[in-house]
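Here chain A shows up in two complexes: once beside chain B, once beside chain C.
What follows is the complex of A and B.
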């Protein structure tokens, strides 16, 4: 453990290191690499949800000016990874087989990509695509979760491994709920939600040689993409390059390699040109995953004085018929509160829809809507303040893993959140507070997410001008990864942030996992720290070897830069970097360092926590809800970049407003087709929906979790926001809305 | 590529004659709806006549009325001194629609000519009699939460999406149109039509006619009017229900009333019976509730829009309360 690290200067708010590039348009996104001889592909999607393709009439499209190829299962080249049949490589793996685009005539979901029209311009490809005529053999599809709930099943992973997080879980007595003094039982529904990042999913596929592939691809993992396409095309990994320098938001839909990517690669091979493929907004609803519609039921039992006795929590989430997508919907129910008796039942329901994928706060955000609504319902029935009820059931260790927490500072969050939202104005009885005609309500919801960490490697070089240049394959989907890493390096070395550069987003750089699961600062941050320390050790050795006695017993932690001068233990070491490099006749020093999770993970339970407070106004006659204020409190360990971290929280709260009030991908089950599938019909919050959002960080390091002390932030920013708003609506109106979103029609 | 001709017209006369002898030609001004429709293969005009240079942008006081040129931008009208002063209802309604960017492009004529936002109209994989006569109505037994409760037919239950038009129909506006045979005036209430057996027809404009201006007669409603729009988010969403309410008050007594609803019919829906019920009455929540009940007579709900039968009268009451300063 590296305690000394935190004795140094604290982290200050810093503007994004790439902010100027982004706002001036200089940042290059995946679709913005102007390769010579580019061709453009447009995908045609199926118009049925289940069946087979009878025929495809491509004549008109092929004859259209500028069209280079019309590619479907009829004429697509063989993808080596599709053979032998059955296994299509994919990381992270889902149970089942990802859709093999242009493989056969089978239709598994509506708007499944079935044809690519490739042309010399986007417009010509679009026109070509409009001319493709497809005939189908239609079969009866099933897309309705509630109507098919009886067919829900235990995931294969749980069947094979009873320790799988999706396996059935029981703690304590099975009849505890039945025997509880106070009981509530309720069902909750979260509709299908779409990630809808601003940047559309885009890829440029470029075969630089027959066996050498470069993709400029909007993904959340360059190494994942490199590995997947190397397997898919039977190439050595070093022959596949993935460039993802900038990502305009992703929220999870870049955590998988999708059929449109393979479609572009096939097309590039067939037309022997680089091929650019950008999904349309409508295709973003059907081809790159979504948060699955999920039904939940909670039974909660407590004593009259507010001690939880039992929680039984079950859920059914939808998946496709070809892959089993699972998420941690019920995990927090096992560990959040000191209930002696807990049972969880996680089920999935395969439907004729495309495969879902993790969406910000995956699973936990869905489960938190159930659990935190139920906590509010129980507090109301008992007649307790919902915060007091939670404090009465606070747990000082993890009752699920039966391990101590690495750190948990939720009490600080309750206190600060109460103060900032004005909780003292809340009345226990709903409907008691008014502002003019509007009903006023206060609510809160808790969130948690594992403080995940994976191994990561950073290359760092320090040159004689004092510039520190680092490289890592990690992507940045918007949280400000480069900024955070620059701040960690600056803090560790004393080198000013403007002299530090962090290059990311290429599979050519040293290994890193996905930017997902709130793991980037926890994983890459320690590698940055480790690389900085290794550079400092090199300098110490160099200085000592040249007879500078002060360095003889110095350690990396003792050494800092003050401008170009080296300092040991805060005092001048009477030498500069330039001198040292000159004495040793070198231009730069460099190192590559890997940092990995350690054995603390087997001894401690590691979670980040959040608590969201909402004040709402509800109009009693029109049913309109206006969120007037949100306070986000987070126990996320060390906050290495206060400004971008606060932005993360604000963005998460905004997403939570969407979950609570507006977002709903509505499907017409007669056709198995979405009807709200553009930004006009699928409502995400606009500025007018987003109030003042206040952010509070406990900002205490968790050095058991990782040497930076960070526990991750991206997910907990949204987890718990939707129930906070739903609970506030209940407090305002006395109406409990258990199916999101809370639109005006549900409140009148 | 789908080929189409593009030409510019600088006068009303030139614009109208550019349509004559050209099947499926369309005017384009702001293009905020038409371009979307073309991109989605919902409409494919053979010719676009750009009328942005026709001098029809003026907003002026004439004898007993205000005339607004068909090409006046939505944002200009909403912010115009004369409109704010004399017809604040219209200004409010305009500002309740779309987004500032769209209002900066969209024209008054274009706003009137915009097509429905029915989901089924916009997806060429789904049935829609308005887009493809005879293909069926997807919404009738489908997802019809946004759909009409007044004046529907078995052929179509779509709503007209405009806010501006709801205010204009309440304000007794008249539409001045020009055609090959000269000009004519259409009462605003008769400009848009009900779907009946021809849902593909949104309005009563004849072939080769062009909207020249909208005229609003002077009235005594400027002190007591209100446009209330209830929607799924605070801005940039179409109305679940909207109400334009205008009162001419003598103390607390209602001398004249105008009421219209949006989000409930294939056209901006004027509520004349409810208006009558308000005349001579004292402004109160009870009076307004009675008028709202009358307003909703004949409303017919479908599977997902029954809430409009309850929301509708509530919004009427709230709009009237705001108009009468009872809030």
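What follows is the complex of A and C.
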């Protein structure tokens, strides 16, 4: 594809296209569709972590005013998709499938939803739920990762496919670590962390007919949701509609359809009314996934002059007993540095807990805490500057896939980040710098994430007023998808941004994958480009057919709008849209275009990279850590929306501060229950915790990755932040904290 | 006080359902007394109602309280259950969904509204407590099409991503300046710390507040 015209244009900062809706309260989130005759459902969760339900006394709840139904496994309608194919229904295997809510009396985790109380108002449903009494046959549960580490196992996916990213991996000599001149070995622990988006998970389930379901659902994929519920209810896909116009944050927990969604759908079917179900904040800790507690061990060997010789990296992450959750915790260890010898061992441990789900930066953010801490530890042992140590092990091609990078501009990030954080003020020896009574430390950490791309389709129409209107099923969880797509379309056509609309968030619109894995701009962006080019080709054909000779040999890239005039690049020929449409007697033109990953993906290794620098103050007596400044540098390809992209980086850094210093879902193993189950006990960064955050983008296109040149941003914004802060704390204090979060008690 | 009461109720609801005996709960007591009172007042009708097991309906009718307050300048006369929070009344009954529920415990600030000009967490506030008061929600901040300067500044400085905490942040930010708590960056950070933004737009929010403060919103 000829990018000549495209490259000349620069993407400028643009206010969010949905900004006005969001600041006026007009943006409609999933719980905010006022359907007539709405009923409200409230879920009751189990109070044990493992066992069976002995009995449920629903009499008082059923008698309570306004209660329409009390639904449990005792009386729930049969969900057709619950019946496992080829297995005896009475003994279904639960390993490897989502939890079937209200299916049987089995309890797999604490606060598993077991009863739904449906009433005419929220208050009445809440009161009804408080009256439900449940008795259990309790069994001994296991929720402690470290205590059960010996039972960790290779995931089924890795057993079946040795090329799976979670399979065992060995490069080079197995005894390389033992024979290294300098060796370090350390264990790192990342606690369970909660996505905790500000919007509570919500669904309105509405059976518009016996075989026609509409859900207003807080998810990260409208098509995924449509497919899953069509399968679950044995309906044709076109009979299931998923509307997700605005998502109040998700960070990964909308990448899965959860039991509460099915509970609402069952309830709506049983009471024959639309049912609204909004989780409580406590239920956000137990019913919609989390970043799994993960133990890691790293052995790292190097030469005296700072060349990596070997890295052995193993990890164990928790999962549920009914679903195998895996993530790419160890992937970056295979490709980030030029170590000739690398081994990785990824294991999962089923416990009596709910299933985790990818949380921002997912496994890579967990793995980066181990790898980037170990790199800092090794640099310290050798006596090298940690940046020099990384540069000494910089790799110009992917040592894992043994392919060239599509693009990699990390040197620019090192240089710029050093300058902006004031790295020259850092001392090699920890504890040497003070600001008043505070110890001062500087640290850095690297992040990487695959420049993923999936196929996506966009419908675009251009009307005679010159408005460009696009539709796509993609969701937006906050990064500014609509804004980015409007900018891509404006740059491709010359149509001013205020005349472009991008509609998203409905399964009725053309296909797109999930908003996850930093793949939206890389996937939907090319479809927008493609649709814009197709429209331009139609206009050229129309102009040429009406005898405008200059348009005869023109290509899409030659044509640009200037106000409502169509101009041919390099030629003086022009026509107006109004004339063209009038001549052809039409009101609008339209097109639907799909864009797919191409064969470059088999020839190049494609990753986005980030580098985070932190300056911290640590109080020597109280152990309090204050992050004073963070600099985020990203090699993410073309930045199509500089303003929203910068916000995404700032947001990632903020999440990283939480990982490093405050976030910890503490479980009381006696009950298998979280003791931190609200926002007063589970500490997410607040205004007072977040300093000025400086963002730098390399902003060089990667046209091998996709025609927009984008490599994705959402994940690398957080990957590497937590180790940067942990490394800065070490530089300030000489104390290496290998179990997050770095709370004051660990420093005094 | 309201916080602790509310938390206690929730605790009962979610932690110890087995200890709740419906026969001696406050609600049933109220129901019984309501019916008794009703019987005393209008024996014939109510006895008939009781015979047809309409007791619940009667108790429901008697358990609502008339209340009137202004929301965004418009007078509202409502019959509300005393247990309904201002937040749930705004969202579920008045369809003013700009005010958000993020935690229901006063821990996140998403539900911040103004009551008589002061910022209040509407999830910790029972609606019936606001008789005669003036409530302003995010929907009432703009003057028609013209956005409030704080709304404009949030757009300009990109003080949000997903937008869910945004109404609460904006209502808090306006009050923060009015309270005289926006005189420097550290003050703003401290006095805005009750409003959590998981997307992490904090530095941009601080810039927006500073701009509005410097642009002349009086403290």
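Note that in this section the second predicted complex is superposed on the first by the 729 of 748 C-alpha atoms of A that agree within 3 Å, B and C clash if a C-alpha of one lies under 4 Å from a C-alpha of the other, contacts with A are read in each partner's own complex, and residues count from 1 in each chain.
Rule of thumb we're sticking to: contacts are C-beta pairs under 8 Å (C-beta built on N, C-alpha and C of every residue); 3 or more make two chains touch, one makes a residue touch a chain.
Only a predicted model underlies this, so the values are computations on that prediction, with no experimental measurement involved.
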Considering only touches as defined above, state whether A:130 meets chain B (first), chain C (second), both or neither. both
Classify the contacts of A:688 with the two partner chains as first (chain B alone), second (chain C alone), both, or neither. both
Touching A:680, do we find chain B (first), chain C (second), both, or neither? both
Contact-wise, after the overlay, does A:525 reach chain B, chain C, both or neither (first, second, both, neither)? neither
On chain A, which partner's contacts cover more residues, chain B's or chain C's? C
Which of the two partners, first being chain B and second being chain C, lies in contact with A:65: first, second, both, or neither? both
A:197 in the overlay: touching chain B, chain C, both, or neither? Say first, second, both or neither. second
Which of the two partners, first being chain B and second being chain C, lies in contact with A:317: first, second, both, or neither? neither
Going by the contact rule set out at the top, does A:436 touch chain B (first), chain C (second), both, or neither? first
Touch check for A:623: first (chain B), second (chain C), both, or neither? first
Overlap the chain B and chain C contact sets on chain A and report the shared residues. 64-65, 123, 127, 130, 678, 680, 685-688
If you look only at chain C, which of its residues touch chain A in the complex? 12-14, 17-18, 20, 22, 27, 56-57, 59-60, 81, 83-84, 88, 91-92, 95-105, 107-108, 110, 137-139, 141-142, 147, 151, 154-156, 158, 160-167, 170, 188-190, 192-206
For the complex, give me every residue of chain A touching chain B. 47, 64-65, 123-124, 127, 130, 436-437, 619, 621-624, 626, 661-662, 666, 668, 670-671, 673, 675-678, 680-681, 683, 685-689, 741, 743-745, 748
Residues of chain A touching chain C in the complex: 15-16, 18-29, 31-32, 34, 44-45, 60, 63-66, 121-123, 126-127, 129-135, 196-200, 246-251, 278, 280-282, 477-480, 643-644, 646-648, 650-655, 678-680, 684-688, 690-693
What part of chain B is in contact with chain A in the complex they form? 1-2, 41, 117, 119-120, 122-123, 125-126, 138, 141-143, 145, 228, 230-238, 240, 307, 310-311, 314-315, 317-318, 327
